[in-house]
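Have a look at these structures, which come just after this line.
Shared between the two complexes below is chain A, which pairs with chain B and chain C, respectively.
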Partner chain A sequence: MKDKIKLLQGDEAVVEGAIAAGARFFAGYPITPASEIAEGLAEKLPIYGGKFIQMEDELASMACVIGASLSGLKSITATSGPGFSLKQENLGLGMMIEVPCVVVNVQRVGPSTGLPTSPSQGDVMQAKWGTHGDHPVIALAPSSVKETYELTVNAFNFAERFRTPVILLLDEIVGHMREKVVLPDEEDIEIWNRKKPEVGPENFNPYEETDGLVPPMPNYGEGYRYHTTGLFHDRTGFPRGTNEDAKNLMDRLMAKIEGNMDIISLYEEDIRDDDEIIVLAYGSTMRSAINAINQAREAGIKAGWIKLKTIWPFPVDYIKEVGRRAKALIIPELNRGQIIKEVRENVFGNAEVHGINKYDGTLIKPEEILNMIQEVK
Partner chain B sequence: MDRFEIRLSGAGGQGMILAGIIIAEACLYEEGLNVTQTQSYGPESRGGASRAEVVLSREVIDFPKVIKPDILVALTQKAYNKYYNDVKDEGIIIVDNSIELSNIKVKTYQMPIFEKAIEEVEMKLSANILVLGIIDSLINQVKSSSLKKAIKKRVPERTIAVNMKAFAVGKKLAEGGKIDE
Partner chain C sequence: MGYKIDEYLRQDKLPHIWCPGCGHGTIMGNLIRGIDKAKIDPDKTVVVSGIGCSGRASGYMNFDTLHTTHGRAIAFATGIKLANPELNVIVITGDGDGTAIGGNHLIHGARRNIDLTVVLMNNHIYGMTSGQFSPMTPTGDNATTAPYGNIDQNFDLADLTKASGASFIARGTAYNTRQLIEIFAEGLLHTGFSFIEAISQCPVNYGRRNGLSSAVDMLKCQRDSSVNIRKWDSLSKEEKKGKFPTGVLYKEDKREYTEMYQEIIDSVQEEAK
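Let's look at the complex of A and B:
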């Protein structure tokens, strides 16, 4: 047990979680504050029979990760804002051709080079809309080192289970912070692997809906003929250029995520029956929120909190329901207000919605949230 | 033990972050405390401001950064000027004697940190470990043996002896150090 207790950085927890989830391939390009992930995987992957490659840039890294995953390896890349921008086109390809992989973005302050060593949550909307067109997105945001480990495993499991890229959104605080983690035993970790085809190569279509909306996936080189394209395609994987194929594929890509909200949507709450003010947060900001709520409760204020671990897809039904029972929601974010827009849309006038926003590279302090709670109570 | 907060500040390259990690590891692995260790530094690899923070507690630590330090170490004038006002009334400040003090409100220990690192340890870079020796003799949250163990685990093997010396020099310095109150 004792050697399972570790003082780890969030970035290091990504490494541990990835290895535990079965990741055996990394391609990437170093960038602060995500470089420790590459560093750790460069050391660990070869020990586990995996491969590490530093590519010439982020575009190639993303392409490389997609290729490795098609060949059967659980694959990951890690970057920060500027690199995340560069990965967007191939990220869209991964969604279109349904390739399981994990893309980590340890957020720093942008745009451009911004504040390379300071925390931000400015890429929340980019995670959702960074690549063009409608598309399915799963994005997870841990608030502690322990959660980073757990959500990294979740990210691989969702990627494999739903055959799609999953974005893991850390921020500089969570990525660089060191704290205690108790690593679970191997047998206590639930692992999902991609579904393999049950038919032989002669009867195989790469995008066939056999059961459920997620087509089985053989590895490249296993003898299955397999064509992929970023064009809209039918079940054979080839483009026919029909409007019907475009609609059908888009509907299925969205439905395989939206139809599984009960599995994908991860959140925690501490709301008592008579709590009127609810602070909803994610990532490092959550730490300040919990501190503030504890202080508010000591002062007799009826307040509770919601922690979003899955930020995309957004838990629409849950937030609608919360909006009906709360008097006010407070949304602290290290950006100019991104998730608050989703909250407002879904609360739709039922409760007041207030934002606390910082984008100067500093954290939101507990007292700033406490002040807002006192103001709206 | 309630929340106890340490801020180590100086210039990039002075080893403040390593010192923070060592305190954190000593408190977690040897003392069984909850810890969070965070850092703040500029984009440059040397120079620029650098700050490491450690929060210790028996309880779960929610806000991971220092709110009001119980201990502030400042190795540069810039760091001192920026942070001396944040320290708790009953907190302490440890500074190098090259630093010009202003408006002393809390217990301030001014010591020849770099001078001793150069003259007695013969390695200016050991100032961060020397500072750990000073901290060790001023607080009781962590045992000497725990800190020493953590230092040995973190520094390159060939430098263990010199770092142990730096730690001892720091302790000695604190015990006879000049105190401004």
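Let's look at the complex of A and C:
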């Protein structure tokens, strides 16, 4: 059990989690507040026989990571808002051609250069809708350094298991905060690897539903000689330009994510039977939320909390059910209200929904949440 | 010499979509002959393309093939190669794809001297989107977006890639098949960033608007304006006007990126022992 207790930043926890999950490739471009991830992996990857490359820009980084994954390495890139915007086109290609990889966005205040060193949760909707067209998205948001480590491992596992890019949304607080973390032993970490084809090249179709909705994936150089394109394609991987192929592919891409909500949707709750007010949060905001609930309970208020770790896909059924039992939901966010819209849509008037929103680079304090709890009780 | 081109083509995907008279098919055919001549392992060969008429080549070639986003093929190829240096990685791009939207990746791929073979099919126009001018449309020529004549200046791609650090630079034409096959074979066997400009003809969206209405006229123009590099230096300034050199224009033994990275891995792992 040596070296297992560490004092880590969130960004460093991404590095540790990525290595533990089996990541062996990083491509990126320097950007605050995510550069520590690149620096950490530049140092660590070669020790594990992995590769690091600093690319000429953010678009190239996203492309490079997809290429490396097609060659067979678990791959990751890290950025912040402006870079995340630049990555969107190639991220869409990754979703379309189903290439496992992890994209970390340590959020800062935008738009534009904004407040580069201040925390924000402003990219929640960009994570969902950043690239053009409908597309499947998995996005995870840790609220502590330990959770950052765990969700980094989850991100790789989801990427490999569902053959898709996975977005890890940190915010500047989680990215730069230091906490004591006890890292699990290697044998206690569950690792998923992409499914490889069981048939030889003669009988292989790269986008065939063989066993479930996720097609097996060979590495380049293994003799399968298959084609991949960002055009809508059929099971052979080639475009035919038919409307039917477009619909079938889109339906499968969505179904492989939405049909696995029980695996992908990660959240925690502390809601007692008679709690009436529920604070739903994610990322660094969660820390103030839990503190506020503890104070409210001490004051005899019936309040509980929900922590979303998986933001996308949004846990629609769960929130509908919460909306039926709660009197009010409070949604603190470091943006002008992004997740609150999903909550409102799914609660449909059953419970009151209130937002607490900050977008000036400061955090939401426990007292601000407590005040809102007292107001609505 | 007979080339086994059939096994390198996906027969069921032919005929190709290129217009009659287009140079892209000839260049792809010559690339395949170059692959055959270089005897590289087709199972260990990946072809990566971008967007545009050139981008469609990957679909016809029987290797691991990746049709990517506009301009980014070299960046995808960099990840493929660095992750598995055993692979022969070929990039097929065009003048719009490779020198406009993807220009940054071209110069940085060359700067790293990573072992890729980049084939840039230069038809001097955006063909697929019907004839807008590209960075390689000659100054003064017409295009749908240059109805009064193009005032943009061109790159000299050999100079550009040389200044950027490429270690193999060559130019050929769709007209001179024999020379182009030789260039491809040599470029494929070169370790480092190999840049090959293959002059193509787009009779439909470039020739037609610029006084060259048929593919034959355009091929003749390629013949008359290209000069083998062996003869090029003996020409006077006056004689060089309107002409360009072809052949292997530059070649250098230089340290390659993935080999250098492997040295880092080896030394870091040795230290960690």
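Keep in mind that, in the parts below, the second predicted complex is superposed on the first by the 375 of 377 C-alpha atoms of A that agree within 3 Å, B and C clash if a C-alpha of one lies under 4 Å from a C-alpha of the other, contacts with A are read in each partner's own complex, and residues count from 1 in each chain.
Operating definition for what follows: contacts are C-beta pairs under 8 Å (C-beta built on N, C-alpha and C of every residue); 3 or more make two chains touch, one makes a residue touch a chain.
Here the structure is a predicted model, which means the values were calculated and not measured.
Q: Which partner does A:Lys247 contact after superposing on A: first (chain B), second (chain C), both, neither?
A: In the superposition, A:Lys247 touches no partner, neither chain B nor chain C.
Q: Quick one: is A:Arg178 in contact with chain B, with chain C, with both, or with neither? Answer first, second, both or neither.
A: Once the two structures are laid over each other on A, A:Arg178 reaches chain B alone.
Q: A:Lys196 in the overlay: touching chain B, chain C, both, or neither? Say first, second, both or neither.
A: Neither: A:Lys196 stays clear of chain B and chain C.
Q: Please indicate which partner A:Thr32 is in contact with in the superposed arrangement: first for chain B, second for chain C, both, or neither.
A: First partner only, chain B.
Q: State whether chain B or chain C is in contact with more residues of chain A in the superposed arrangement.
A: C
Q: Looking at A:Leu363, would you say it contacts chain B, chain C, both, or neither? Reply first, second, both or neither.
A: first
Q: Just to be sure I read the superposition right, which of the two partners does A:Asn294 touch: chain B = first, chain C = second, or both, or neither?
A: Touch status of A:Asn294: first partner only.
Q: After lining up the shared chain so the two structures overlap, which partner does A:Lys4 touch, if you call chain B first and chain C second: first, second, both or neither?
A: Touch status of A:Lys4: no partner.
Q: Could you tell me if A:Thr229 is touching chain B, chain C, both of them or neither one (first, second, both, neither)?
A: second
Q: Quick check on my understanding: which residues of chain A belong to both its chain B contact set and its chain C contact set?
A: Common interface on chain A, chain B vs chain C: nothing in common.
Q: Within their complex, state which residues of chain A touch chain C.
A: Per the stated touch rule, the residues are 24-25, 27, 46-47, 49, 51, 53, 55-57, 59-61, 63-73, 75, 89-90, 93, 219-231, 238-239.
Q: Looking at the complex, which residues from chain A come into contact with chain B?
A: 5, 7, 32, 116-118, 173, 176-180, 284, 287-288, 290-291, 294, 363, 365-366
Q: Name, in rising order, each residue of chain B that touches chain A in their complex.
A: 21, 24-25, 28-29, 34-43, 61-65, 67
Q: With touch defined as at the start, can you tell me which chain C residues reach chain A in the complex?
A: 10, 13, 42-44, 46, 48, 58-59, 62-69, 72, 75-84, 86-87, 104-105, 108, 261, 264-265, 268-269, 272
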